[in-house]
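Heads up, the next two complexes both have subunit A, just with different partners, subunit B and then subunit C.
The block that comes next holds the complex of A and B.
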């Protein structure tokens, strides 16, 4: 190693340390802010935050399924299975919150396990539309069957959540309940993503034949991803049922599913955090667009098309570019911008 | 079920099958050529119905003219979708599919904002009265769907198997690269496929406008059935789509007559799940869905 390089390396030592700990620091800061916000937010914004936490579980579990390359269109219905499971168990069995939530997850996982049997026979596009049809089937059952699902009116008067005599229904405790459940769910999914199982899922996405050749049971791992995703969607569904106090089939319709896809597409699915970034950005945009209520689906439909065509990697694909831009001197940046423009002009 | 109901139901089944076939053929055709999967296909159906609403109920053109005009209008929608959505996302089937879900949102909002969301548009029935078939009676408006659908499907078949352009389209569906080597322009073929898909969906929507309730969200139920038909038939197979349309049309109508519409839809989806388990490539499909 030559002398100037050594000098540069020692100078960079603190920088690498910073780079290693920066994500952790950022995470701690975000968590701290969210804890403070739990007390400080106005009621309306607190409600938004609770929905946001539930949606974080949804996008993260959805991304977990997409790591195998399967894009499901039934995820919101699986969430609904969790909601219906939670509502029925809480109402008729009178079990406490701490038992109902995991049982809701298991309910959704069982429904997911039933879905995956025919769905395993399909891949890619076929998986997408077959899962759409299967989800619709379950949703129609909720619409049709009066007992115990309550038909179109759904289930009302879901008991308020309680844990060892502690009432969780007031806004502030419920905020923290959702916050903690979300943290636990996201942490487990993050560990899964990093584990051997997570790598097996990703290998199926990149090349399923090769994955099979090195001894990965593709069908089993695909089922595992789908059922795990369904479990967490069910947990999110249980939280939703407790928050709203009543649920009906319209909560889990196609529109909600398309919004879930918009969150994930805007964020990108290659990294673990991408979908959450997409959710944050779209949620903020969604709130801003409140005055244009009727035009909203049109706007977000446009956003979806825009991202799929012009930024297929989602917002996460911009992170490295932004990082590079911050590190390169302005002169070089100008050069890069010029080459980008010329390639863009030649492409169109 | 007595004889009268049986004849009635049989006739209704043929009507339903014709409409399913019209809708699903377009979907299968577009999927066959360059794997264009159109989620907004149900919205094309809706646009076709709105064409009849505007041209016939509002402007006052004769009904057949309104139906015939609806075909090129919706074909134009197909062309635009191909150019703006499918061509840029050709590398990724799912991206095109999800982008057309966005397009479905856009078309729903536009229809709702221009003509109102609320109650369904009432379209005066152009052909009053009913035909007597044995002891059963069936409205002319329903009966007229059958010859129209047959004419369209026969025309499509003639085009695909007898006309040079249609043969080129099939060649492109079999192997785009080799078709391109023979001098077939792939871009033209994808545009043509989407135009044909739009045309058939538009015709179906236009014919159903006086029977179906016309709302911005009518495409949703249509797309579900169309997907089920296409999966059962075997994704890219046109013949498969027609066969599956007939089977599901009969299943749906008979179950609806015995019980109700919701259960009929469930049975249809259940049939699809069963087909996927027993025969993943669909009835007449070659590759797995």
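The block that comes next holds the complex of A and C.
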């Protein structure tokens, strides 16, 4: 083999290696940055990051349910079920953080199981509306029932989180607690997404009659997705309850649910990472728009409409385009831009 | 014992009796055709046998097991699987992935197994079987193609491949050659014959293309207005005056020279 050929080959090998390991490197870099930020962030931003971690669990678990084609409007209420579960268990049973969090997940999963039984009879828009009604029903129970839910005032004085004598409530430990729980939750959901079970969920979205006919029990798998999603929403709810120290029904109202939908629509649900990208972008936009507080609902309404009309696939639908643009030589890119421009000009 | 037994089956849609008091048996190893004018209840019969629709009354048995009232996924588990008239597929997946997903019944995975990834060996075996099926159907060259990118004929073949992936005893084909060109039709008939001869799968098929039905099926059941009009070997069916009567005026059947002869 001649020298230049060898160089070309190693160059090619390293290029493919780079492509294979690039996502891993990116992930490692993001994790490293988040670890450093845990210590370096100012208190306000650290709080933001904690809420962000909780929301990552929310968008990822919501997306897990949408892979079957079911768009639920009850996800935030299921998170609430986790919060209430965690608050009541921590307060009255005095169990430690490490036990309470999974139990909160199970509480939400049980409420989710009760929701999905009647919801299985609906699909599409019917599912959306019916899940909203069921969620409101549960939320109104929290509002109306004094014992044990505390009515409109909710539950206060939730004990601070502790694990084997370690206090997790100070900002830095709590940042890392949420970070680790988020990583574990996202990892588990990522594994599920890529498994045969994940493919069964997606096949139901694609063609539920065909899925049923090749042996996939559609009702069972829709339930499994909904209950798994509810479990992780419950985990997120437990973290939220511990962070705030008190919860009330307003934390889980329609506004929060609409934000969840905005994050997911902006990011897109086809890929696993789409909703997280949507969450990052909208969270940043949300912080920048703080001076325009009164205009914000209008602005986000506009954003939602913009995405639904012009970018229905969400930001994730831009990933391949960006990838292509990076791979094309600049000369060709210029050519493409010119063709686009001339067709555009001739149209107008 | 017959492989498939339909007893006093009726299916009513509002005021329409799509199937009325139908009795039918299919023996193991048969290639049975179901024909009849439009609206005779052929597809409804498929829908009821495969569990897509529940019958109004009557029962269906497969290998002596009662299928009535079971969901299609359970019936597929007992060995009865159907294909669709339309090109049915999982559009976001490649051809190989479509067949792999259809191996669901033979690749049970627990939630825990999915998370820790214990099922790798099983998935290897599964993919091997899926490739075998694609090879047999003649889609190996397209295995990494997205399913919607296939031609119409190949999409229909993929439908059969997915049905085979469930390892059925009886395969119900709903118009398997509809919309195919002569070469594709030839290939599909060949596949169906091999499925019976080499894979020991009993075939039940609904088809409008008379040439295919007469050439492929050893016995034929004729439906008209949801009732059984006649049953027998192709030669008997062709010369049956009642059958001719039922098809009178229907250009696609009686207009066919093969049939009139």
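Assume the second predicted complex is superposed on the first by the 321 of 348 C-alpha atoms of A that agree within 3 Å, B and C clash if a C-alpha of one lies under 4 Å from a C-alpha of the other, contacts with A are read in each partner's own complex, and residues count from 1 in each chain.
Throughout what follows, a contact is a pair of C-beta atoms (placed from the backbone, for glycine too) under 8 Å apart; a residue touches a chain by one contact, two chains touch by 3 or more.
This is a predicted model, so every value here is computed, not measured.
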Next on the checklist: For A:210, using the defined touch cut-off, is the partner it touches subunit B, subunit C, both, or neither? Pick first, second, both or neither.
Outcome noted: second
Checklist entry - Thinking of the overlay built on chain A, is A:19 touched by subunit B (first), by subunit C (second), by both, or by neither? => result neither
Next on the checklist: Under the stated touch criterion, which partner chain does A:153 make contact with: subunit B (first), subunit C (second), both, or neither?
Outcome noted: neither
Checklist entry - Which chain, subunit B or subunit C, is in touch with more residues of subunit A? => result B
Next on the checklist: Looking at A:218 after the superposition, I want to know if it touches subunit B, subunit C, both of them or none. Which is it: first, second, both, neither?
Outcome noted: second
Next on the checklist: With both complexes overlaid on chain A, does A:338 touch subunit B (first), subunit C (second), both or neither?
Outcome noted: neither
Next on the checklist: Under the stated touch criterion, which partner chain does A:188 make contact with: subunit B (first), subunit C (second), both, or neither?
Outcome noted: second
Next on the checklist: With both complexes overlaid on chain A, does A:202 touch subunit B (first), subunit C (second), both or neither?
Outcome noted: second
Checklist entry - Both subunit B and subunit C touch subunit A; at which residues? => result none
Item to check | Contact set on subunit A toward subunit C in their complex | outcome: 188, 191-192, 195-200, 202-203, 206-207, 209-219, 224, 228, 270
Item to check | Interfacial residue positions of subunit C with respect to subunit A in the complex | outcome: 50, 52, 71-74, 76-77, 81-82, 84, 88-93, 97, 100-102, 104-105, 107, 109, 111, 114-117, 119, 123, 162-163, 165-166
Checklist outcome for this item: In the complex, subunit A touches subunit B at residues 71, 117-119, 121-126, 128-130, 132-134, 136-137, 140-141, 143-144, 254, 258, 261-262, 265, 294-298, 300-305, 308-309, 312
Item to check | subunit A partner contacts - residues on subunit B that touch it in the complex | outcome: 31, 35, 37, 84-85, 88-89, 92-99, 101-106, 108-110, 112-113, 117, 220, 224, 227-228, 230-231, 235, 262-263, 265-266, 269-270, 272-274, 276-277, 280, 288-289
